[in-house]
């Protein structure tokens, strides 16, 4: 294959622009070849200062551009399926922002298409796996140095939600990260999801029930839970406490300069996920580029995208009925082993 | 009343001896007048070096001793009912180690006896309320400075369990503290309890399922939970994270000298509850003494003992059926308002 | 001797009142028998609610009061000498707030008077030795578990200074605590003091040079230093970092509830020394009472008071000449070994 | 100029190899064109897997190689002068690992050569300026949000020293970083250096006096100090506490997963400077590349290299005489303003 990835970035919104700048300024072995957005002006703005990149309004045109040999999909989730299938048809390396697709049925179509292709081409953008602390905790779990992992407690807090954010999106867009994290940490599939709705904050827009408490179980019985609070005001926080047989491990603690002033000790809370996971995004994209240059993937697969989509479906159902809802998965195709 | 409390300590086991030393060496306004233990030698050993104290084998004898004007009960829980009723009959100030009694029905008898007496005489030994950080968190909740309290996440870990420790005791002796803490923090009654049993540690003796995840709801819908792990090996830990509308507060963090040595940064984990709550016990007993000298109580009441006993019953049932079990309480007598 | 200390508290200012309340409410084995203040109204206000205590305007009257069998001196330092000599003449147990006396010559007179008496009667109020973390660090040093102690870095910050506070007082009233701490930690005498004056804060009143950097050496060559800043505004802070051959240990870290709110993580700085060392004062006075009831002292001696006075004299000289000033001590009388 | 930096890395030792891998794997806009080492085998090993790079034994050959348009110098300091002058003569962008040269006189020759060239070409490898926390503290100082900076306390600890490490190297190779840090934080020149030698560790090889306490003053009177301990065993630590008029700020705190196990709370100390400053090196080299592509420098200048060399000379003299030694600098040439 080539020695440089010429990437078409599909979608020039917040995440797309972030990735464009990343690839342009910090990633080795890749260049931005094309930026696609239905709003062409947005695509044009995004390529400013990037020599050799073209702005397009149509994704298909980008895929047919001879200068493009890889695709990064950063459009809203409901648009992923069509582009994924087209890019797979061309056997291009794909980095697809999460979610793979918005539901398990469509995600399964992607898995089947990739299975037919006979090898993995799709990496899904669960960037937390590339965070240094996530990686360290994963390594500690696999090492068994503190015995078996028994419980996982997750805190996930966002300062605010964008207009139109719904209860379903709280599961599909936010808790989906913890579904992936639980699968990543345990190396197991999730078997059930339950959701507790209690006292709600006055900070949430009408229609949202916030916070929520999500209870998760895995194949071996690891009890995980997530305190998800998406209108927490004070800043962004993602933290995990893992309880082992012989000890506990916390990741996601606050850091940065430690100040004593005005009668307070402490520091500044990270304002959002971009700041919290800036380094993780860099590592993620570099891992994808390195792997794609060797015809592989360097992170979560389409199977991971499908399995988390199934968890999300169970989570949304559990939100509504208050019960423990089982997660049902099709058998895993061999290319994902 | 008198200007000094002459206390009969009933029970010269671990907690009894601890309280005897406390009253002797650190508490103002109280003295140890008598120590009672069915094992008289143990009572005699406990009064060594305490001038003016007598060792007895029979609690009734202590209550009838003219030199005694207050009672501290530190026997096993199943013996509390009889002594409580006798001490109430004499209208003595009583500090009763938790639990008030082992079940809701017998606890209710105590409540009724006190109700008949017409005023409160019994303080129950939930010492955590007297911990400086518990008190500070309680004050923050009542101040509403971070908005309404929404969730309470509790971690409760013991290094090991004594011989004969059962699943029921995990609820009745350990989680009972969190039942009281949730009631203390929210100022509300608990309405339901659910228990999740997942992957179990190899560290637990046969017959114990450890750890467990206890889910609690209160009248206003505050979602509380408890990660209880009683064979955690690494030390003792009690911590709470309170989530408010506008922020979160953690108490129970590790402290003490901070060391960098041998490739590690950090410090020493508190080995057990005596060390963790040493100051809280002092404050608790002093508060009781001060209140008793003014004919009142200075902490959790018999009602608190009864209500937590009802939570424990629900908790034990929930352990067995995996369901959300409602907590049912009799109406609260007026003397507790 | 008696089984209860009947204490005359000399001086009903801030520290005096604090000790009166402490002895009345929290200390076992001691009672307030008399309170002396030249402002009799102040003495009278201080004994309110303390049965059996008398208010007096004259210290000698208190010493002659048959009901008094111990003395706690909490007057300004320049008044200590006279009362100390009179109380020594009566062979009473004495707790003398620091400084013993304001200068080495007068302190030496006290040492000589006690030496003539033939046994120790004076305990000096360096309360930090009774702080749990100071004690823990002291124990780590003596254990040699991290090898030899090599350096001691001290931070000492006060929010503000009272009217009339001078550069000399910065040494005599503030750094004096670190002179004692260095002697306590190392178990050695201080051999020299140097003071660096650099850029000064706008927060200090005219005439004060603040902050200052004090360099200290001990007999074995331990290099200690103190960053003293007495108009630091943000709160009160006393912290020490000890560097050993094989590791470092910090004490004095911030603690208390940990909050995430308003874009900040952290907690509240202790506002002053009373809050920071509240528990240490209790332990100190209880240790004094316990020891006095057995005719001894339970903390820093008159020798410690004398040696720190000599350090202060060297410190004030060093402030003025910028040089390393040696500390000269008379030979230590045998009663202090 | 070109749109890609083709870098000759001079020196394939520890730092050289580190930079070669960095440029190859993580830096945008630069490639390794040549690696020079007197030990040709070492140069050949270093280019393995790097297409387009050549291995050479002679630096001059690299500079004359038409494919090379930039130089990164990672040889021992005493070899820098010759290569610097040759690379300057070719007007190439230069990243020179610290020290610029080993002494102020030779460093001044470099400054004069660059002055003659008429523009800056040399960036010196003080990587700490590129650490996120150093940068944050620098920004806080410049913002004046906590008032004027008054004091800077530095801790600098290395686990061990390589064979042949001397007292002079403790200043020239280790404390040199703090000389630069003090200049970076204050934006001022250092005016004097004093060194305190106290009790020494048994961990140091014969001939080394370790630890040492270095006292630094700046033009406006900021009092800085450095606790330098290069045989600290426990790991690597670089931390700074800045005292302002209205508060204090600490950087360099320990971080990473927080564990409770085996009776201890805490985490793992960073083992060495490569791990501690890995991200800073990446940012530093990327900043150099970006600036060099625009014909500038993106970090500390040759003047910074000269000024710190002068501080080191004063420091080594101060080590010997125990006095406060003034730092004397030639006037700063205009190209550095």
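A few remarks follow.
Should a chain be cited, it is by its letter among A, B, C and D, assigned in written order, with residues numbered from 1 in that chain.
Operating definition for what follows: a contact is a pair of C-beta atoms (placed from the backbone, for glycine too) under 8 Å apart; a residue touches a chain by one contact, two chains touch by 3 or more.
Source: prediction; values computed, not measured.
More C-beta pairs touch across one of A-B and A-D than the other; that pair is A-B.
Distances between chain centres, each the mean of the C-alpha atoms, put B farthest from chain D. Inter-chain spacing, taken between the CA centroids of chain A and chain B, is 44 Å. Taking each chain's centre as the average of its CA atoms, chain A and chain D sit 38 Å apart.
Multi-chain contact residues of chain A (touching two or more other chains) are listed as 234, 237, 246-248, 259-262.
The touching residues of chain B, counted against chain A in their complex, run 147-151, 153, 155, 157, 196, 198-203, 211, 213, 215, 217, 220-223, 225, 227, 229, 232-234, 237, 241, 243, 245-248. Against chain C, the residues of chain B that register as touching in their complex are 3, 24-28, 51, 132-133, 136-137, 140, 146, 244, 246-251, 253, 255-262, 279, 286. In the complex of the two chains, the chain C residues touching chain A come out as 234-235, 237, 254, 259-269, 271.
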